[in-house]
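You will see two complexes here that share chain A, one where it goes with chain B and one where it goes with chain C.
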Partner chain A sequence: MAQRATLPMLLALATVALGFAILLAVQQETSPPLIYGGAYAGMMIGVYGFVRLWLPRSDALLIPVVTLLTGTGLIMIYRLTYGVEGVEDLAISQVIWILTGSVFLLLTIVFLRDYHRLMQYKYLLALLAIGLIMLTFTPFGYEVNGARLWVQIGPVNFQPSEFARIGLIIFFAAYLAEKRDLMAATSRTVLGVQIPSPKYFGPVLVVWAASLGLLVFEKDLGSSLLFFAVPLLMLYVATGRAAYVGIGSVLFAIGCVISYHLFAHVRVRVAAWLDPWADPDLMGFQILQSLFNIADGGIVGTGLGEGFSQTIPEVHTDFIFSAIAAELGLLGASAILLTFLIFVYRGMKIALLSGDDFSKLLAGGLTVMFALQTLVIIGGVTKAIPLTGITLPFVSYGGSSVVGNFILTGLLLVISEKAGRRLAGEEVR
Partner chain B sequence: MIDLQVPLLAAKALLLLLLFAFVYVVVRRAVGDLRSLPRNSDTFVAGGGRESVVDSGSEPVFVVEDSESLAPGTRFAIGGGVTVIGRSGSSDIALRHDDYASGEHARLMRRGGVLYIEDMNSTNGTFINGERCTGASALQPGDLVKIGSTTFRYKE
Partner chain C sequence: MNTQLRLLFYTFTAMFVALIGVLAYWQVYARESLANNPHNGLQTQREVQVPRGLITASDGTVLARSVPSGENSYDRVYPEGAVYAPVVGYWSTRYGATGIEIGMNTELSGRGEPATLDELINQLSGRPQGGNNVELTLDPELQRLAYERLAASATGRGSAVAIDPQTGEILALVSHPSYDPNNIDETFPELQRAENSPLLNRATQGLYIPGSVFKVITAAAALEAGVSPSRSFVDTGSYTAGGFRVTNYGGASYGAQDFAHALALSINTIFAQIAVEEVGAQALAQKALEFGFGDGYEDFVLPVAPSTLGEPPSEWDAALLASNGFGQGTVQTNTFEMALVAATIANGGTMMQPQLVNEVRSQDGIILDRATPQTRNRVMPSEQARQLTSMMELVMTEGTAQSGQLPGVEIAGKTGTAETGSGPPHSWFIAFAPADDPTIAVAVLVENGGDGESAALPIARDMIRTHLEDRNEDQG
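Take a look at the complex of A and B:
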């Protein structure tokens, strides 16, 4: 595992600081309260230092990657919301979310250093995850833009699905790691495909169907897609049988056709994807503005603070990538994509180097989810696939998403620590 | 007011440069990490299983560290294909009269330059560095593999 990452850390912070300096020079505005910038930089350095001390064999390279992504997100959120009526303070609340997320990351690595304990609580975690999603149907839940994703308890608003997905991945990893051999031993072959005995496969199927059903009912397209694909890919990782991916793709196609006919909002999304010009002022407006902005950026971008990305509705959450492409151009957007790729590569590497099934499946599952989420939203805003509203991990504005992804990073760190110890042990002996 | 155009342009260029400097440094480290994996982890050979001819000087071997049935220091070269370890005489590495080993205890195979070990539902299990292995696990050079009463060290 790469352990020292001080230079990337410094580069990431320097990039973010320079970005803010350019933005302020261009806008010729007063600086945002510097204390937030200082708190952010201090926290990221603190997290890095603590990870190096507490988990010396872990993959600390993840921290600079997270720093660059959250920092870029902060610059763009500040740029897109500064002085805009109603959302002026979004950048400051994003800083607070990043600080909260960092605290959750630290709690994760302190209390879950021995993450194998999670295996004992797998059913509890699955119940908790489904319970969290169900919370949106109680009076605590409320609708935003036609999807019932949000829950308000006291002063805290959050999107339960962002946390539920981590719980479910832990459940699937623990269950598959434990029952893998049994499932292989008791499977029967039907039409050339091995079907595991329902006795062992049942719980996976029930949890999978329940979470998926609830999310579809919530009209949370993006999360449904992730909840559908991630367990299937984990099953593929656990068994090595490409047949599951094949069956999954067929099921996915059937699911798409059914939901297209069943739900009006799916039809709207598909129509806007196929031909945004059919209704450029309403249905196609968002995606067209996104495309205009990306095109406006060209190779090197308009420069920070000089684009027109505020024309895109919801630009600071789902469409933040379009704003990056507009102001930093093809080059900046590619650098961000490469940074995401590095995160995913490190995650897969951690999965490969881990010694036991649970670690492999957990690291693999979390990474696959992170990668798919990035792929789905960037594909959506560039009109490669129909748009499903999910956040760009670490970059988009959104408390639940930021905190959830910090917890995910924390889990990857403790898994990499164990893998790193396993590797280092041999070098010593 | 001071004219900021030129320094601003320079700063914008510097920002993109810094972004790519970051990517470059991170990729360098990530790939350096990749190189420290098994030394002869050649590119994946389509069809799998075949060993690369390059680096023939460092053929992977299993060296007996401690055993009741084999002399310590005995070296077993691990070729391509599947190598079966077990008590039965037909095994590629036969652990005769080792009461703690199953007939066909575990098998070794090469995929993409990495050596994997898989327990074949043995009674007493296969241990890598003291941890019981489940399913196919990748071995790193230096790993200690315990099968029955015999401990092997995997060397490149």
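Take a look at the complex of A and C:
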């Protein structure tokens, strides 16, 4: 475990500061209130310091990675929304979300330092997660852009699926850690594939199907994809049986065909992916604007503030990566991709170095979700795969997504602390 | 479990690398085609912020320039207006772009790969970068003369193209009626509806029945088939092929004539006979294809409608072969193609690549690209080209185009009077001069202008005269 990451931390903060300096000096944008910049930098340094003190054996490199990603997001959100009527304060809201997320990260590492306690509450967490998603069907829920993903309780708006994901991953990790030996054992054969007893499979299938079904009816394609793939890959990690991935892929293909015929919004997405030129001003508009902007960047980019990414609808959330590719070019966009890969690499390493099944599955599951989410949205905006509306972790504007990913990082930190202690011979349990 | 975790990590790594590959595809490989896509509004957004390069004629006459129209925005101005509009095109934030404006967009917008150190510094620092200047091969005097003469022609609808046969440089490319590109945003809807299609570049995009000017292609095929210019044929006033009776223009009958005079007098019956009995469908079609029929000239900066044979030669019956032999069947072409045909014969049977862009310079005058003459293909041996040139000189001295003669200059030419089925025929003329060392080849078409001699020929003759006078002045 990398225990010290002071230099990367300083580099990350300097990069973010440089980005803002370029926008202010070269583009002559009016400075955002400096107090927010100070609060952001101070909070990230504070989080880093606290992690170093409180979890001395943990993988502190995650904090500079998160700093670079959130900082890049802030620069782009500020650049894309400044002076645009109706969204001019989004960068400030995002700072507040990052501060909130940091507080949640600190709460996570303080109260869940002994995260194994979570295993006892696995069914409760699963129920809570499903309950959260179901909230969107109650009068608290409301619809944005044709998908009912949002909940408002009092003054707080949030996207329950961003948090439900984490709860479900904890459930799957805990359940699979207990039952993995039994599930790997085979008891019968169906169509040439060995299937374990349904007794052990039941709970997994029920939770899986319930969460997936709800999301499908919410029309949340991106989350449905994650909710389907993450538990499947966790099952694969737990049992070591590639056949599950095979069966899962077949089910996925069937599910795709069914939802294609069942839901108009799925057909629209697929059509826009296959041939956006057929309807360039309407259906294919968003993805074509994304491609035009990405291509506009070329190798070195147009330079910060020189692009025209505001032509992409929803550029500050789902399509923020297109704006990065336009203004920072192939080089900058690749650097951001590699930063994400570092996060995935550290997450996987934490899973590999952990000593117990629950830790491995939890760290692995969280990392798989993080990696898939990044791949699915970047693949979507670059037309490598059909577009599904999900956020780019840490970079996109969005409170629920930012807070959720900070909690995810907090969990990885406490798992890495335990793995670090084990490696150092300080096994506590 | 570690095996599976590692495998997953490797898979994710491969996927991240694949995404970088996808990015590289869009940002490097597909970059230019996306930038020049008509649906891409980024270019016009940037365009109003950054001055585009100049478009000039070969003598520096400015054809298009960007002028400031407020803080950080520019308007596109076309000082020469309608005379050059079919070539230069227009640049509209609303209706996209045409002509050189879109064909040379990468250079004019300055968004190509940086070519000078200044450009590289500008690009790296993200500073707005002015476009490069594009100089065309067009001769302003010739261009304006042809435009005014077409405007004054019988119907005012037609086109004219002049080429330097030895280099392939386009000296004039005119289409009338034209339009004023300066206020295209206001006039576009009306222009699009207009009955006489002012937005159509008739020289490159129109397709017309060629009539007798096609006989030079039949003649080239006949020379290749071994028909000598002195070989004698007998015209009885009609020739019947596959039940189709061919007659001469005006019902004339010429008696015994050699092949050279058959071209000079434009005798349909003899050309029908030669096409059917001496050349054959495959060889005639092959020769037309070598001359550029069926070719869209993809490397040329303006879009070109490929001249067509109609149906493939395997489908031609004797009647269709006979009528294609004198250009009244299913063949269709335009002045761009026919000027290239004349230029090819003029250049000893070798066709040069047509070129409209002379050079590209950066804003501080550094030459970034300069056209060099390039051979397109060898269409006919030089000996046969020389024979055909002599036959075309006979057209001017003893044939249908005697009114086109100029004192002291030997011209080779061919008239065309293309029956359209309705209204007066299209008036065609192609020519090149001086016949022994040609420096200009022209093709002129006046839609429904009557016979070739009355409408198209005087325009072509005056273009040749103007060109040769200018040359003599330059050399004297």
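We adopt the following convention: the second predicted complex is superposed on the first by the 418 of 429 C-alpha atoms of A that agree within 3 Å, B and C clash if a C-alpha of one lies under 4 Å from a C-alpha of the other, contacts with A are read in each partner's own complex, and residues count from 1 in each chain.
FYI, contacts are C-beta pairs under 8 Å (C-beta built on N, C-alpha and C of every residue); 3 or more make two chains touch, one makes a residue touch a chain.
Here the structure is a predicted model, which is why all the values come from computation and not from measurement.
In the superposed pair of complexes, A:A371 makes contact with chain C only, with no contact to chain B. When the two structures are aligned on the shared chain, A:V237 is found in touch with chain C, with no touch to chain B. In the superposition on chain A, contact is made by A:A12 with chain B only, not with chain C. Using the contact criterion defined above for the overlaid structures, shared-chain residue A:L205 touches neither chain B nor chain C, since it reaches no partner. Once chain A of one complex is fitted onto chain A of the other, the partner contacts of A:L107 are absent, as it touches neither chain B nor chain C.
Residue contacts after overlaying the shared chain place A:L124 against neither chain B nor chain C. Applying the stated contact rule after C-alpha superposition, one finds that A:L338 touches each of chain B and chain C.
Contact with chain B, but none with chain C, is seen for A:G355 once the two complexes are overlaid on the shared chain. Of the two partner chains placed around the shared chain by superposition, chain B and chain C are both touched by A:V300.
Applying the stated touch rule to the two superposed structures, the overlap between the chain B and chain C interfaces on chain A comprises residues 26, 300-301, 303-304, 329, 338, 345, 352, 357.
Those residues of chain B lying in contact with chain A across their complex are 4, 8, 11-16, 18-23, 25-27, 29-30, 32-34, 121, 128-129, 131, 133-135, 137-138, 140-144. Partner chain B is touched in their complex by these residues of chain A: 1-2, 5, 7-8, 11-12, 14-15, 18-19, 21-22, 25-26, 61, 64-65, 68, 177, 180-181, 300-301, 303-304, 328-329, 331-332, 335-336, 338-339, 342, 345-346, 349, 352-353, 355-357, 422-423, 425-427, 429.
On the side of chain C, the complex with chain A involves touching residues 1-6, 8-9, 12-13, 15-16, 18-20, 22-24, 26-28, 30-31, 34-35, 37, 39-42, 45-46, 123-127. Residues of chain A touching chain C in their complex: 26, 233, 236-238, 240, 277, 280-281, 288, 291-306, 308, 311, 325, 329-330, 333-334, 337-338, 340-341, 344-345, 348, 351-352, 357, 360-361, 364, 368, 371, 375, 378-379, 382-384.
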